[in-house]
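You will see subunit A twice below: alongside subunit B first, and alongside subunit C after that.
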Partner chain A sequence: MNNMMSDKKVIALYILPPLLLIVALIYIPIIMTGYYSLTQWDGIGQMKFIGLDNYKELIKDGMFWKSVYHSFLLAVFSVISLLGYLAVSLVLSGKVKGANLLRKIYLIPMLLSSVAIGQLWLRIYHPSNGMLNYFLSFLGIENPPNWLADPSIVLYAIFIPIIWQYAGFYILIYYAALKSIPPSIIEAAIIDGANPLQLAYKIKVPLISGVIKVTIVLAVVGSLKYFDLIYVMTDGGPNGASEVMASYMYHKAFRSFNFGYGSTVAFSLLFICMIVTWLIRKLTNSSEEVQY
Partner chain B sequence: MSKKAYSLFCVMVIAFALVLTGCSSSTNGNPSSSESGKKVTITFMHLWPAGSSKQQNMIVNEIIKEFEKQNPNVTVKQEVLENEQYKNKLKILASSNELPDVGMTWAAGFLEPYVKGNLFAPLDDILNSGLKDKFVSGTTEAYAVNNKTYALPLELNITPIYYNKKIFSKYHLEPPQTYEDFKNIVQTLVKNGVAPIALGNKDRWTGSLWYMYLADRIGGADTLKNAINRKGSFEDPSLIKAAEEVQKLVKMKAFIKGFNGLSNDEAKSEFMNEKAAMYLMGTWELPNFTTNEEVPKEFRDKVGFFKFPVVDGGKGDVNSWVGGPGVGLFVSENSKVKKEAKEFVKFFIEKWGEQSVTKAGVIPATKVDTANIHLPQLYIDVLSELNKASNITLFADVQMNPEAAQTHLNLIQSLFGEEVTPKDFVKQHEEVLAKTQ
Partner chain C sequence: MERATVTEKPVISLLPGQIGKKIGMFIFYTVLIILAVFQILPLIWLLFFSLKNNQEVFNTPLFALPSPPRWENYVKVWVEGNIGRYFFNSVWITTLSVIFTVLLASFATFAITRMHWKLKHVVLGLFMVGLMIPVHSTLIPLFSFFMKMKLVDHPLSVILTNIGFNLPLTIMVLLGFYYSLPRELEESAIMDGCSVHRMFFQIILPMTSPVIVTTAIINMIYNWNEFVFVNTFISSDQYKTLTVGIQNFIGQYTTDWGAIGATLMISILPILLAFFFLSDRIVEGITAGAIKG
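Moving on to the complex of A and B:
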C-alpha cells in the first residue's frame, strides 16, 4: 500500500477520471460562461465580443437588483427558519413519545419532487377554490387575497412552501448531530442540576455548533441560487414580483434568447454566492470548536 | 518535482483531448448520398408524442409510411419530444450545427435567429411548384424573412370568444354585436354573481389576446402591426385607448378572480366547469368543445362562439382576427439530403392538409374543402369564418423579437394587474421596441 501511494503515476491514474469529469463538467463550463458573459450572443448566430458592456448594463438593470433583493430576502427567511428546525430537533432528540414517527412526517416533503410540491401549493393557493381561501372564507373573511397574483404578497406566499420543503432536510441533519452527543455528557449535566432549557442552550447547541455553521452556509447559498418552485408556481410573475436571481438568468437566456446577458447574470450569481459563503465562514470562524 | 509536473502534464493533455473530441464529433460523414437508388435517411424531429398528441402522432406515422412506400430508397427517422423540451433541444442542436434534416419551427420571432444564422433552407422552390395555391392566403408570409420563405405552416388558428350558451340564455343574453353590448353582458353577469371571462394571465400571452383585439378594433388592423415593425409608433392614441379599455374591463371585474396568478389550463377548467361564461382562446381548443369524448357531452353542446365585437368609432373590422399559423416545417440548410427532405416536406404538407381536420381536429394552413367532409357544426362555422376573414394578425409576442416579446408579456401582466398606467404601458413598449430593433 505504502509502495503504491509513493508512486505518483499511480496516484495520477486514480485521480484522473474524477478530475477530468469535474474539469469537463464544472470548471470548463464556468470558464466558458465567464467568456459568454463578455459577448453579445443569441445562442445560435455569431458571438460578438463586447467586453464589459453586459456588466455595465447589469449594474443599471433595476430588474436584476430586484431579483437580488428577493434572493437575499429568501436567504434571510431561510436562516431564521433554521432556528425553528433546531428547536424541533431539540424536542425530537429528547425523549418524546412518537419522535420516530414525527421525524418521518417532517421528512416527507423532502421526498416529493419540487414540481409536485409546486402543484400541491398551487391548489392550496388557488384564488377561488383553493384550500386556503376556502378556509378563510369559512372563517368569515370576505375578500381573501389572491396569493399568487398580488405582487405585494406573492413572494412571501412562495417562501412558505420553500421553507416547508426543506424542513425535513435540516431537521434530519440537526437530529443526527444531536444524537451523536455522548449521553455521558448529558447525564453529567443533569446530575449537576441543569434544567432542559439550560441543557439545550449550554450543552447541546454549542456541541453541534459546527453542524449549525454548515447548515447556515447551505441555507444561504441554497436560497441565493433557488429556482424550482419559483419556476413552477409563478415563473417569476406577476411582472417580476417573484423573480429571483436564478429565474432571472433563465428568463434572460432561454426566453429572451440573450445568452450573453444570461451568462452575465449567472456569473454574477456565482460571484455573489462565493462572497457570501466567504463572509459567513469568516464571521462564524472566530469561535473555536467546542469540546467538553 | 519533475514527476509532479509530468502528471500534471498528463492531466492537461487528456483534458484537452476530451474537449477537442467533444467539439469535433459533427464534422465527419460523407458529403452527398442523394443519387437515386442509394439508401438515404431523413431525420425528422417533431413535437407530437403518441402520449399527449395521439391523433397527430398517428397521422405523422401514416404519412411517413406512405412516403417511404412511394420512395423505397428513403427512410424517415423520427425523433419526438414534448413542446418545451423540443424548443430547448432545437436550440442546442442549432448551436452545434446538428439540426435534423426536417423539423418544426414557429413563425416570425422564433424563426428569425435561425434564418440569420443560415441554418434553415429557403423553401420557395417547392412553394412555387404548385403548393402556393393550396395555402390560405397570407399564412406563409409569417415564415418569410427578406422575401424568402423558410418554413411551411401546418396549423392555422384564429381566436374566437367561446361562450356558454346556457349561462347566456339564463340571463337572456345574446352574443354581442358591439363592444357596448359586450360590456353590458359583462355587467349583467357580474351583477348575477357569475364570473364573466375565464382568463389565465400567468401565461401572459392570454391577456395579450385581449389587448390585441381591442387595439385592432379601435385602431384598425395596421396600427399595432406598424408599431411592432417600427413603421409606426406604439404611442399611438388608439393603442393607449386599448390599454385603458383593458383596465376598464378589469375594474368591472370582467375576469375571474386571481387571473394574474392562474395558468391558462386553470382558467380553461373554470370555463369547462361552467364557472365562467366566456373564454377567448385559439381554435386549437375546438376538439374539447366538439369531439373530445373525455369532456361531458352536455357541456360540449353548450359551447358557442362569437367574433370580438366592433368598438363604436373604431377603425377595426369584425372579420379581422388575432391568430396565426402554428408550427411549420423547415429543412436544414446543412442537410446532406436536402432534395429528399424538401420532397418530404411537400408531401407532408399535402397529405396533412387532407386529413388533419377530420382526424385530429387541427385546422391546417392549407385550404379545407368543407363540402366533402363530415365535421361538427362548430368546426364548419369556424372554417367558414376563416374564409371570410379580412385579416389575421399574428400573435404580438410572435411578431416581436424575443427580448421585446418578454417585455411586452410582462407589461401585459402589469396592465391587467393595474400596476402600470396605459401611458407608461405604451411608453415602455416604445422604448424596448426602439432599443431591440
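Moving on to the complex of A and C:
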C-alpha cells in the first residue's frame, strides 16, 4: 500500500506538470524581473547591465511616487469601505428575509469583466448623457464637474466602480464567516442581556477577527497591484492624475518599450506588496486569536 | 394553536422598545435594498440603452423602456464588429484553460494530499505563495519568453498563463475536499489490485466531481474576464478574446451608444446566465477561495 503511494515515478508524473508550470510562469519570471531591473533594455536589442542606475532614477522619479501615492490612497479607501461591508453583513446575517438573494445581487458586478465594467462606467460618467449627471440634475445640480477629465476628481471617480465591483465579494466573505458562528454563543450572550449592538461589537466581530485580517490583506494588496479599471477608463490620465503603480509599469514597458526601467517599477511593486503584507500580518497578530 | 394565541399580545408591539425595533428594521431593509439597487441599476440601464438607437438614447428619459426594442444593434455588432469571432475565441480559450487548470490542479492536490514524499509541504507552499504574486511583476519576462518561443500573438501563450495563474487558487479550493475524503477508500482499491492511475481517474476524480464543478465555474468566470494577458500577448484580431476585442471595438465606435451597449451585453451574457443557474456554486467557490487564503 505505502509502496505504491510513495513511488517516486508516479509522484513525479502527478506533481511535475503543474509544478513546472507555476515555476516557469511565476517564479522564474520574478527572478528575471529582478535581473532586468538592473539593465537598460528595449526588449529587442542588446541588453546592457547598468547596476542600480534604474533604482537611482526611480527614487528621483516624481511620476513613480505619484503612482505609489495613488495606489496607497486606493488601499486606504478599500480598507475604509471594509467597515461598511462588515456593517452590511452584520445586518444581513441577522434575521433578514431574502438575505440569500440580496448577497447574490451584491455579488453580480464582481463576476463581470473589467472591460465591461470600465466601459459601462465611462458611460455612467458621460458629461451630457450619463446616468450620474442625469440623477444629479434631479437634485438640482446643473453644473457637475467633468468627472473623468478633472485631475483633482478623476482618481476618486475611478475608486467608485472599483468599490462597486468588489463590494459583494467582501460582503459574501463576512456573511459566510458570521453565519458559521455557533448559535449557542449568540443565545448565551442574549440571555446574559447583550443588546444587538453589543452582540455585534463585542461577540460577533471578535469571533470573525481571523477572517477580517484576511480581508484587510486582500483589500490592501489587491489595491496596491490594481490595474484593470484604471487602464480601461483613463489609462492613467489626464496627465498622470490617475496613474497607479501597475499602470505606470505597463506604460514604461509596453508603451515606451523601456523594459529595464519597467522591470524596476514591476520589482518595486512586488517588493512593496510583500512588505505591506508582512507588516499587516505582524501588526494584526499581536491580538490573540479568539477560540470557540 | 391555543398557545400561539396566548403568546401573541398585540399590546406589546406598542411599547417604545418594539417601535424602535420596527423602525430599526425598516432602516436596515432600506439600506440593504438601496445597496442592491446601486449594484444592479447600472446593468439595467446598460440593457436599456443596448436596445435603443442614438436618437432615443439622447432624447428619451434614461429609464424609458426601449420601444420598439432595437435588436438590430446586436445583429449589427455581431456581424460587422467582429464580435462573433471574439466570442468564439473566448469560448474555446476559456474551455481549454478551464479543463487543463482543473485537471492539473487535481493532479497536484492528489499528489500532495494522498501520496507520501518529503518535499510536499514545500511544493504546497510554492503554490500558496503564488496566490499573492502580482501579475504585473511577471509580465515583462513572460512577454520576452513568449517572444523567443514565437508564442507572441499565439493563443497558447494566453492559455498557458491562464492555467499557471489559476492553479494556486484552484488547488486551494480542492485541498479542503481532498482532505475530507476517507482513506479507507483508496486502501481497499489498492487491496483489489487497482493501480494508482486507475484509482485517480476512476475513483478519486468522480468522487471529487462536486468540487470540480465549483472550481470549473470559478475558473470559467476568471478566464472569460481575463484581460491583461490577452492585451499584452495577442495583437491580431484573429486571436483576440471578447475583453480585448470589445475594448478596441468600442474605441472605434465611441458615439454609437446602442452598438456599445449591445457589445457589452453580449460580453457579459454568458456570465449572467451562469450566475442565474449556478449562483450557489459560484458563491461557494468564491467563498472557499477567499477565506482559506
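Before moving on, here are some points about what is shown:
Basically, the second predicted complex is superposed on the first by the 271 of 292 C-alpha atoms of A that agree within 3 Å, B and C clash if a C-alpha of one lies under 4 Å from a C-alpha of the other, contacts with A are read in each partner's own complex, and residues count from 1 in each chain.
Keep this in mind: a residue touches a chain if its C-beta (ideal position, glycine included) is under 8 Å from a C-beta of that chain, and two chains touch if they have at least 3 such contacts.
None of these values were measured; they are calculated from a predicted model.
On the shared subunit subunit A, the superposed partners subunit B and subunit C overlap sterically.
Of the two partner chains placed by superposition, A:S184 touches none, neither subunit B nor subunit C.
Judged by the touch definition given at the top, the superposed model places A:N285 against neither subunit B nor subunit C. By the touch criterion defined above, A:A24 lies against subunit B and subunit C together after alignment on the C-alpha atoms of chain A. Of the two partner chains placed by the overlay, only subunit B lies in contact with A:L148; subunit C stays clear of it.
Look at A:G168: by the touch rule set out above, it reaches subunit C but stays clear of subunit B. Judged by the touch definition given at the top, the superposed model places A:T234 against subunit B, while subunit C stays out of reach. Within the superposed three-chain model, A:N195 lies out of touch with both subunit B and subunit C [touch as defined at top]. Once chain A of one complex is fitted onto chain A of the other, the partner contacts of A:C273 are limited to subunit C, with no touch recorded for subunit B.
Counting the residues of subunit A touched by each of subunit B and subunit C gives the higher count for C. By the touch criterion stated above, A:F254 is placed in contact with subunit B and with subunit C alike.
It is stretch 80-88 of subunit B, out of 8-16, 80-88 or 422-430, that runs into subunit C when the two complexes are superposed. Residues 8, 11, 19, 23-24, 28, 43, 254 of subunit A are contacted both by subunit B in one complex and by subunit C in the other.
Interface residues of subunit A, counted against subunit B in their complex, comprise 8-9, 11-12, 16, 19-20, 23-24, 28, 42-46, 122, 125-128, 146-151, 154, 234-235, 237-240, 251, 254-258. Residues 1-2, 4-8, 10-11, 14-15, 17-19, 21-30, 32-33, 36, 43, 88, 91-92, 94, 96, 102-116, 119-121, 123-124, 129, 131, 134, 164, 167-169, 172-173, 176-177, 211, 214-215, 218, 221, 224-225, 227-228, 232, 245-246, 249-250, 253-254, 259, 262-263, 266-267, 269-270, 273-274, 277 of subunit A are the ones touching subunit C in the complex. Partner subunit A is touched in their complex by these residues of subunit C: 28-29, 31-33, 35-36, 38-43, 45-46, 49, 57-58, 62, 104-105, 107-108, 110-112, 114-117, 123, 126-127, 130, 132-145, 147, 160-161, 163-165, 167-168, 171, 186-187, 190-191, 195-197, 200, 221, 224-225, 227-228, 232, 242-244, 246-247, 250, 257, 260, 264, 267-268, 271-272, 275, 279, 282-283, 286-287, 290-291, 293.
Residue ranges on subunit B touching subunit A, taken from their complex, read 3-4, 6-7, 10-11, 14-15, 18-19, 22, 88, 91, 94-95, 113-114, 116-117, 119, 201-202, 204, 256-262, 266, 270, 275, 402-403, 405-406, 410-411, 413-414, 417, 419.
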